[in-house]
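Written out below as structure tokens is the structure these notes cover.
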Amino acid sequence: MRKQRGLSIFAGAVFAFLFIPLIIITITAFGENPTIQFPITGFTFQWFTAVFENQSFMDSFLLSLEVSLLATLLALIIGIPAAYALTRQGVKGKSWIKSFFLSPTIIPGVVVGYSLFQFIVIRLQIPLFTGLLLGHFLISLPYIIRVVGSSLEQLDFSIEEVAWTLGSTKFKAFISIVLPNISSSIFASFMLAFINSFNNIPVSQFLSGPGISTLPTTLMNYIEYNYNPVVSALSVLLMLGTIILMFLIEKTLGLAKVV
Amino acid sequence: MSKKIPYLILAPGLILLVFFLLIPLVSVIWPTFYNGTLSFDSYISFFKDTYNFGIFIRTIRVSIIVTVMCIILGVPTAYFIAGTSAKWRGLLMALTLFPMLTNSVIRSFAWINLLGQNGVVNKLLASIGIISKPLTLLYTEFSIIIGSIYLFLPILIITLVGVMENINPEIMEAAETLGASRIKAFIKVVLPLSIPGIIVGSILVFTGTLTAYTTPQLLGGNRNMMLSTFLYQNAMTLGNWEDASVIALIMIVTTLIVMKGFNLIANRIDKRGEQDA
Amino acid sequence: MSFVDLKNIRVSYDGKNNILKELNLSMEKGELISLLGPSGCGKTTTLRVIAGLIEPNDGTFTVGDSNLTKVPVHKRNFGMVFQSYALFPHLTVRENVGFGLKLRKEKKEVIEKKVQAILEATDLSHYAERYPKQLSGGQRQRVALARALVIEPQLLLLDEPLSNLDAKLRISMRIEIKRIQRKLGITTVFVTHDQEECFSISDKVAVMNNGVIEQYDSPEEIYKNPKTEFVARFIGFENFFALTKQDTHTYTTSDGTLIETVHSAGRQQTTGTIRPDDILLSAHDQEIPSNSLAGTIRVRTFLGKSYQYEVETSIGKLLVNDVQVPGYQVGDKVFVVIPKEKLILV
């Protein structure tokens, strides 16, 4: 490639725009002043300690993990076989069903959250936690259908047919032949759905109440009344978590395949 | 019997979707049309109210500005990334992906730090003597716009890099041998060929901004409501469920219209070679 | 000074390994020359230096009186046909061909006239409103050619333009290219790895290897007198054996057989080579004092118009093509004769 100075400078500026705000957060997590200041004075780890000592952060973190893991697992259990069925011939209304499975991405998150809250929590009196779980399941399912579905479409179905001719039942062939060949896309879809669920605000915001509040919801409510470096410290910890997940994805199947 | 198996496999997902997505949606939206008799009154009176209408217009306006800005910033950046070596491209894509996977609360919070009365931007401007009093940047439409660009720029870049990578580099070189400077070749060749990517990316940015909740909530304040924050306020603070439901349907319909509209534009522009030789 | 001159061109991407080293090449006006070599030899790099798509680390490139080394690609006015054709998928055939003229800000009527003329010349007028996707390989190839020619370029650069076509089309297209090139008298550089294609079309051929031009001559000269072992191998010489010089035209093989030649080498130790077609086989000793070796047939392969034999001799295996019928059987004792006018020293 020949040099393109103007373009490099432009791209550099865009990356600066993307990263300077996050870098500033990171720096403010270490300042000694009890309200956020930039540039910082002094240097301390006390805000990180404060994060771990804050019971509501810890509780909501555990709840977030629980909800996201359960919802994503449920989405996997229901989504993988569905994605498989949708790639087979002879399913009538295939494209309609597929759009229906993907529809939670088209419906705005606040609307999903609002309608679940109104119908399930208010009208049916189903416990809030179940509602939250269902909401997160709904937003996770499309990731599984899309990512696993596209890898199933690229899979050569004759390897499955070979297994049948060798005497394998259809179920056994699915388990022993199909699943291992789509394992990396299963992992990718799981990671994407998990990250998305963990970060979700609009759905969680409606389905929260006493004792039921995900970490982002807790953090958001905290920010509305507090402006202190504890927020920065928690942000840094969450960003570290993101980096670790990205590293895991990169090591197992490469980030390029996920996006 | 085996013909039924696919449907059996699909059934659990379908049932869950019907019960926990479709039925709740219908049950929420149906009353806005039917109140003893079928009518559109709720919608007419919603739009007649200038305050409500203002929020609707603001939401559309912000979404348009954010989409345009993301295209202006994202297209050259994506072109730059697509032109780098595989190693660099991987690194730059990871760097672009990182903010996308970072919680939107954190990403909005970052701009509170920057735009507040005592924030980095005001301090910087004051220190070089451009302003004497701090500017009101936070809790404005401007801060929602900046925050939303910040939120959705990465997704546009990533979508576009995927399309631009697949443009044969020889096509660009061919344009140059025919007398086009780099910029001209970019405008006349790369840009038209990137239209599908720009459309897909724009749909994501536009509908994303249209429905985003966190950013307008944290950066907009009460005087700069968007549809999503207005829906939440109606439902959870004011207890006005009828208006909340009306807003819900308006958001769904607007999203669908925007998607349909962009796809129509895409088909109009992307007329090349429908049938193969 | 020649019309086109490349002087001491060096290209290196990483600063250490040279893709091209000290490359010199000159062409006369109206010539069609080929750059021939295996992939990775630097032929495409050379073409891209000429086009201006790569700026050389050292050296100069001139056309006529002007030094173009630093002139950017879009100001050179060279037509280039790419291996992938690189047609603009979003433009019709007519728009593709008119692209360069539009950039030159020519009048609309002029553009239309020129485009129409070249479309007719390349037999494309029926497809003018189609998009590249709707064309066959051969049609795409002609669009690429028309697009490059319509700007009336000073040089025409062809980067393996025929490699994506099937064998039959390839032959008719290369005749077509030659015809147009002659008619317009346009100086042309043709890159290929196909020896036959290259010989049939070129006035001169530069055989390249490892970033160096090994030989630059007319096709006939290269065919008859390859100067290096690489060139000889590349154009179909199969048999190579060591020779020791006795006199100007007299050599001995490793086993002492006397070999006479019409050529001569400067060095004491040299390598002799001959095509399988040029070796003669005989069942009986010709009783000539030199250029004859005894051998045994080891492998026999039917090639259609001839048989190919692998003959084991005291100087190693030799490949021989022979048309005699019924021919020899495996295990037969034969005598191999190397005609002195066909033996090349490299």
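In this document, chain identifiers A, B and C correspond to the written order of the chains, with residue numbering beginning at 1 in each.
Simple rule for what comes next: a residue touches a chain if its C-beta (ideal position, glycine included) is under 8 Å from a C-beta of that chain, and two chains touch if they have at least 3 such contacts.
Keep in mind that this is a model prediction, so the values were computed, not measured.
Taking each chain's centre as the mean of its CA atoms, C is the chain most distant from chain B. Here the two chains linked by the largest count of contacting C-beta pairs are A-B.
Computed centre separation for the pair chain A/chain C is 57 angstrom, with centres defined by C-alpha atoms. Here the spacing of chain A and chain B, counted between their Cα centres, is 18 Å. Among the residues of chain C, none is in touch with two or more other chains. Taken residue by residue, chain B touches two or more other chains at 182, whereas all remaining positions touch fewer. Interface of chain B with chain A (complex): residues 2-3, 5-7, 9-10, 12-14, 16-17, 20-21, 23-25, 27-28, 73-74, 76-77, 79-81, 83-85, 90, 92-99, 101-107, 109-114, 118-120, 123, 150, 153-154, 157-158, 162, 182, 207, 210-211, 213-214, 217-218, 228, 231-232, 235-236, 241, 244-245, 248, 251-252, 255-256, 259. The touching residues of chain A, counted against chain B in their complex, run 1, 4, 7-8, 10-11, 14-15, 17-19, 21-22, 24-25, 28, 36-38, 78-79, 81-82, 84-86, 88, 90-91, 97, 100-101, 103-104, 106-112, 114-120, 123, 134, 137-138, 141, 170, 195, 198-199, 201-202, 205-206, 216, 219-220, 223-224, 227, 231, 235, 238-239, 242-243, 245-246, 250, 255-256, 259. For chain B in complex with chain C, the residues that touch the partner chain are 168, 170-171, 173-182, 184-185, 188-189, 192-193, 270, 272-273, 275-277.
Residue ranges of chain C in contact with chain B, taken from their complex: 51-53, 72-80, 82-84, 86-91, 99-100, 103-104, 130-136, 139, 144, 147-148, 151, 157.
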